[in-house]
Every structure is written in C-alpha cells, then in structure tokens.
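Have a look at this one before I ask anything.
Chain nomenclature is as follows: A, B and C, assigned in order of appearance, with residue numbering initiated at 1 for each chain independently.
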Amino acid sequence: MGKFVQLVVDGLSTGSVYGAIALAIVLVNQATGLINFAQGGMAVLSTYVAWWLTTHDVPLILAILVSILFSLALGAVVERWLMRRFERGDPDTAVVVTIGLLTLITGICGWLFTYNNQQFPSLFSLDTVSFLGVSISIRSIGTTVVIVVAMLLLQGLFVGTKLGLALRAVAINPQSAAFSGLPVGRLLMVGWGLAAALGAVAGALVAPQLTLTPGMLDSTLVYALAAVILGGLTSPIGVVVAAWIIGILENLAAVYVPFIGFDLKVAVPFILIFVVLIVRPQGLFGRKVVVRV
Amino acid sequence: MTLLELEDVTASYGPVQVLDGVSLSVPDNGAVGILGANGAGKTTTLRAISGTVRTGGRVVFDGKDIRGLRPDQVAALGIAHVPEGRGTLGDLTVRENLRVGAYLRKDGKEVDRDIDYCLDLFPNLQDRIRSNASALSGGEQQMLAVARAIMSKPRLLLLDEASLGLAPSTAKNVYDAIRRLRVESGIAMVVVEQNANLAFTLVDSATVLETGRTVLTGRSAELKGMDEIRRAYLGG
Amino acid sequence: MATPSTSTASSVWQRPWVRWAGPLLLVVVLAVMPLVLSEFANQTIARIGVYAVAVLGLNVVMGYTGQVSLGQIFFLGFGAYVTAYGVSNDWNIVLVFALACLAPAVAGLLVALAAARLGGLAIAMVTVALPIVGVPLAKRLSDFTGGSQGMSARFAEAPEGSGLYDDQWQLYIVLIIAGVVFLLTRNLVRGKYGRAFAIVKGNENVASSMGISPYRYKVLAFTIASLIGGVSGFLYMLVIQYTSPETMTFGHSISLLAAMVIGGAGSIVGSILGGAYYVLVPQLTNEVDPSLTALLQGALLLAVLFVLPGGLVSLPRALTRGRRRPRAGRGSAAPPTTPSSTTGSGTAAEEPETERQGHA
C-alpha cells in the first residue's frame, strides 16, 4: 500500500511536468493553430539559462525567475520571427518548422553547454515526509504543487484579466478581434511567451531528477503529445488530467507489470491512446472539430 | 464635413481583382448604403476601408490616408467593422464579447455604462448576458456583433449584410435598433445590404456597385424613385 | 506543314530514341561506376542509396500525402533487425528480404490504422513515439535483437566466380534494389494513387467530397512508407552489416526528416538528394566541429523552409524563376511538404478569412 501511494504521488509529479508541456502546446495551438514540437526544447534552453546562472553563484530561485523572463522573451521572439509566416498556412509545414527549431535549439544547447549531463540543483529537498505511515517524496509534492499553482495563475490570467480576455479573443477569431482594435501580432507573442514560461517552470523542476542535457525533454515531449491526444486539443483541463493519468499509470505499470518495467514505461501512454482511440477518436475530453471545406 | 472618402479604390485578393474603381463619400453623421448584386464588391469595399484587403486608390478618413494600415490600427482610429458572418467570439460570453469591443478604452466606469446602453438598445441580449455567444440565435448574434462594435465608441460603423440569414421581423428589429443608435449617437455608417428596402430605411444616400465599380450614386429619395433601382433591388 | 529544314529543339527531344537516351546513359553509368570508383566511394554511394530509399519512403507519406511522420527511422531499424535475425539463423535470403519488407509494413499498417483516425497532426504526434519506444524495446528484446550490443551480419559477399570485390557487389545490389523501388514508387506517385495522395494532402474535405477517403489513403501511404523503410533496413544491413538500438534514435529520426525536406519533399530526385545529404553532410560538419552538427542541421533545415521550401531539388527552378521575374510574388511562399500546395499561406491582409476553422 505504501509503495502504491508513493508511485501515485511520484506519478502525479511527473504527470504535472508532462501536463505543463502539454498545456503549453495547447495554448500555442489555440492561438496559432500549430503544434510546437519544440516546446520541450525551448523549456530546456530556459533551464540551461537558469543552470548557467547558478554556476555563477546566483541563488536558485532568482536563477529560475530570470529563466522564466528569458522564456517569455524567447517565446515572443520565436512567434514573431520564426513562426508567424507559417501560422495561417498548412499545419504540417508549421510542424516541420518547429522540428527544425527543436534541432536548432538542441544544437545551441549542445554547442554552448556541451552534451554532457549537468547537475541542476533541486528546489526541494530530497527527503521524504511521512504521511499516514507512508513516506512521500517532498520533491514530488513540491513539483506538483508548483506546477498546479502556475497553471492556476495562468487560468486566472485568462479568465480574470483584460489581457487574458484579449488572448482568448485572438485565439478564437483573430481577424474579428482585430476589428475591435486588438493588436493581434503582439498578443500572439504574449501567448507564446506565456506558454514558454510554463515550460521553463516545468524544466527547472524536473531537471534535478533527469539531469540537464540538451535532449532532456525529448521523452517528455512524447508524453506531452500523448496527453494532448488523449485530452483533446480543445480542452486544457483534459490534457492536464490526461497527463496526470499517464504519469500515474506508467509508474504503476513499471512496477506492477513486469513486462513493461522501467525501460518500457514510455510505451504506456501509447497503449492508452490505442485503446481510447478505438472508442473515442476525438480524445477523452475534446470536442469533435468541424472543418468546413 | 466629409468623414470618409473613397476615391477610385481598387482591391485584389492575390491575382484576382475585385474592385476596379469605387468611389464613395460619407459625411460626418451620415449614413451611406452600398447596393449591388452578389459579387459586385460590396463586402470588399468595406474591407478596403478596414484594412483587410490589399488596396489601391485613396481611402481617406478624417483627413488621413488610412490605406495600408492594419485592421487593429484602423479600429483604433474610430472605425468599427461588423463583418459578414458577424464575427462573434463564440467561446466567450455576451458580456465578454462586449468587453472585447471596449478593449481600446481606458474608462472603466463608462464602459459599464455603455454595456448597459447596449443591453437597452438590444433587450434580447439582457437575458443572455452570461451565455456563450455561440449559443445565441442568428438575430441575437447579429445584435451582439453590432453592440460589440459600438462599444469602442467609433465614429464610423461599417455594417456588412446585417440582415443576412435573419427572419424579416428580426432584421427589422435590428435595423430599428441601429436607427435609434444613429439618432442617439450620431455615428456615421456605411451599410452594405442586399435588402435595399431595409437599407433605405436607414441611409441618406447610396452607391450602387457593379463588377467592382461605382455605377450610380444618389440620395435615397432619388434612387428609390428610379425605375432601374426599383426593378433590380426593390422588387419592382 | 513544317518545312523539312527547320526542326525545333522541342521536336528533337520528343523523338523516342532521345527520350530513352537519358535513362539509358544513366543505367550505363551506374553499371560501370562501381567498377571504376574506389572502395570508399562505392561504400559511400551504397550508404547514400540506403538512405535515399529511406527518404523515399518518408516522402510517400510526408512529401506526397502531407502527413508528417517521425517514425520512418523505426521502420528502417525494424527491417535491419529482421534482416540481421534472419541471416543469423541462416534463412533463405529471399525470404529474409520479403520479411524485412513485410514485417515493418504490418507494423506501419497497425500504427496508421490507429493514428490516421485522429486526423490533423495525429500521425506526427504518434510517430514521434516510435523511435522513442523503439530504442528501449530493441534493448529489451535482446533474444531477437542482441540487446544493447546489437547484431552483426555479413551476407553480401561477392560470389566466387564474379571477379568483383565485396564493395562493388554490395553497391550493385543496392543499385538494383533501390532502382526497382524508385521505379515502382515513381509509377505509384504518377498514377491514380499519387493523384489521390495529392488531393488528400491539399484538402482532406475536398478529397472526401470527391469520394476519396483521406483515412484510407493515409493508411495506404503510411504502410507503403513503412514497407519501403523495411527495404532500406535490409539494404542497411547489407551495407553496414551491423545494427543496434542506436540505429533508430530520435535524433536520427529528425535527421531523416530534415534530409527529406532539404533534398526536396514530394520529389523522387529529391529523395536521392536527401539520402546524399544524410550521408555526406554530417561527415563534413563533423570535420568542422562535431558539437556544431546539430546546430548547423537545425539552421539548415530552417533556412530551407524559409528560403527554398521545395528543397534542393527545386533550386534550378527557383533560380530560373528568379531570373525571369526579378520581383518575387507576394504570398507565394510554398509550404515545404508540397512544392505546390492548394492551401497557400497568404498574408492576413489579403485573404477573406472568416472565423478560423479548428485544426484537430
């Protein structure tokens, strides 16, 4: 029982990281209609910025905050200078551009910081805390809480502020929003910046565990995409819940299903997808999207 | 005083030229209709004004050449475009749609007062204030679209086919409200409308387009009296 | 009627023997080439052939049918492993070849049946898992795959009486098999299936309304791509004689995709250029600075997407167009999964856009 609870808590933690990237992907998709395969890569670059600062004796929290600012700028710049040309066009083309971006960012990280594993300091202690006789990792709880708070803040922004309203309007119908004077381009940059910031938070939280390398979030991207497929592109809550389910199930499968074990955990989301797809092609929570010819 | 002047305006979508010399003049507080058959370029003319199509010629608003400005920049100058198909932001509530309309304004309290005014102008929207715009009927969405446009306190309103897809009584309600708006606020308007009878209840003058050109301009009273107009647009 | 003394250039080119001369010349060159080139050159060309086939397969599903796939390298690896296993167990080589084609094709079929259902970018999102799951799977199934150590298999030794060296023999086999695959694929994409693929790529809803089921054609394209991937895996084992989980990493998957785009999406010749790019460029960049390789590759891919979306194969066309019309047309940016797309990307000010439709 104790083991089970530990696995669930740890699964919630890794699921939160997947969920953060998945949410960032959904955010960007709602605003600009494309899937950003470089979302994880952008997060890694931001995490490297934080890491570099810590190696120059900057306190961890400050380093992470700076990396979040960096990611806001990075997201805005990528949208404006790289992706804007491809936003209204063929989504498959835009995906290839993001794949190119991923390669470039991975290359930049490797070139600037080498391909070696770097140790990233942990924001939370590595101790466990005892709760109802079960020992639970503080880091797992901390990671989950921080990411959930970040998501809630984002949600608060979207629902409760003028900027958030504007971002939603632009995502729904950019031309109509422009008719009301909304500066569509600038708002898209903000949207991408916020998505990148969410990724930066996730990256900093998971880096201590995964060790920082240019390809650190490549697998995470796969999980995030699985969460997006399962949750549906139209449902932010859906992808977060799907991500948690994936995180928990893969942990449980790793321990309780011997064939899968730890090395094949990554197959779990796709087995899930296979099964769900047969029943509900639009994902667990998504709406059927109607495309008019 | 002329608020808006179009002089020999041309417009094209890529290689396809749709407007080939449209001229139009809207006085301060005036209302001008654009009539014509389908494909004559009525909608494109509005787009030429709001900056959503590549344009040649002169488009002068309040003495300033606005050709080449982005749509949001045109909106910031005081031109509100209610597009064909309404452009309501379906996933937002009615109230949120109205708030979006007021995006450029800084006067919070006035905005709330104007929301109340819109609800008074379009009482149907009162009960639906918290519903998602996509749940509204066609007529209600049209009203919402117009209301959102006037939330920005524009000097010029561009109305594209406001009666499209609406039952005659609903369309009449919409036009009644717009007429009241015009009287109470003095907003100038350019009204594209297939239903010429309805248009003439609102506009002082009109211009007729044919294959992208202005072929006839005149005061409503004159036009209504002309045989060709009666036959082509007013049902004989 | 035309006077006998004037024969225009175009009529000369249309004469049958002239049309055949080009390909015939090519065949002669290819037949003689392995005999005159060095061992290193032959091996390099053979490797280019391997990856040209892999890129060709990717082109079928991505360049021609417009579905981004990050899984092609998985099918190459799968084919290579099947080949290695069969050869190690002394199976008949023809049987091994058949299996190397069919096993990946079946796998591809299964994946496509599920992924294509979702529409939109689902195939991209699902196929990204293939290399990522494939590597640990290959390590785990060590009874079949030799685990992390991988498997070696030498089976393409030049027959005794032929007087050929091994590298020459291998290159001939690669040329023949690759040649057949290219020819068959070329016929496929120029025929009615190719046209259906293009329509599905351009606009799925138009395709449906024409009675062309996007789902079926995506599945078909993906299965063919996997089959061709399997063939390339067989050739891979033939030339490189060793495979391991490293063969199908995520990094290689992206490199293959990049090679396809840079060579020329939706183009037969582009696939060959892509194969050449895949083999030759990393060799070059590694000599400059190994840690720069990924960066240069990303930069190059982006550069192609921005400046030359049709890939290297479209360079001659782009240059001549540039000379004829000095002012580039606006809004003519062709998306790279197609050199000529029906869904052009116009600038916002130009197109009558109504509410943006959802993309799945």
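The rule is short, and it goes like this: contacts are C-beta pairs under 8 Å (C-beta built on N, C-alpha and C of every residue); 3 or more make two chains touch, one makes a residue touch a chain.
Here the structure is a predicted model, which means the values were calculated and not measured.
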Ask   = Where are there more C-beta contacts: A-C or A-B?
value = A-C
Inquiry  = Of all the chains shown, whose C-alpha centre falls nearest the centre of every protein C-alpha atom combined?
reply    = A
Query = Between chain B and chain C, what's the gap in Å when you average each chain's C-alpha atoms?
reply = 52
Message = Using Cα averages as centroids, what's the distance between chain A and chain C in whole Å?
response = 31
Ask   = What is the distance, in whole Å, between the centres of chain A and chain B, each centre taken as the mean of its C-alpha atoms?
value = 42
Request  = Scan chain A for residues touching two or more other chains and write them down.
outcome  = 172-173, 175-176, 184
Ask   = Using the touch rule from the top of the page, what residues of chain B touch 2 or more other chains?
value = 52, 70-71, 83, 87, 90
Note = For chain C, residue numbers touching 2 or more other chains are 346, 348, 351, 354-355
Ask   = Mind pulling up the chain A residues that touch chain C in the complex?
value = 29, 33-35, 37, 82, 85-86, 88-93, 95-97, 99-108, 110-111, 114-115, 172-176, 184, 214-215, 218-219, 221-222, 225-226, 228-229, 233-234, 261, 263-264, 266-267, 269-270, 273-274, 277-278, 281-282, 289-293
Request  = Would you pull the chain A residues touching chain B in the complex into a rising list?
outcome  = 162, 165-166, 168-169, 172-173, 175-184
Residues of chain B that touch chain A when the two form their complex = 50, 52, 70-72, 75-76, 80-83, 87-92, 96, 99-101, 103-104, 148-149, 151-152
Key: chain C residues within the chain A interface of the complex   = 62, 66-68, 70, 114, 117-122, 124-126, 128-129, 132-133, 136-137, 139-140, 203-206, 209, 250-251, 254, 257-258, 261, 291-299, 301-302, 305-306, 309, 333, 335-338, 341, 343-346, 348, 351, 353-360
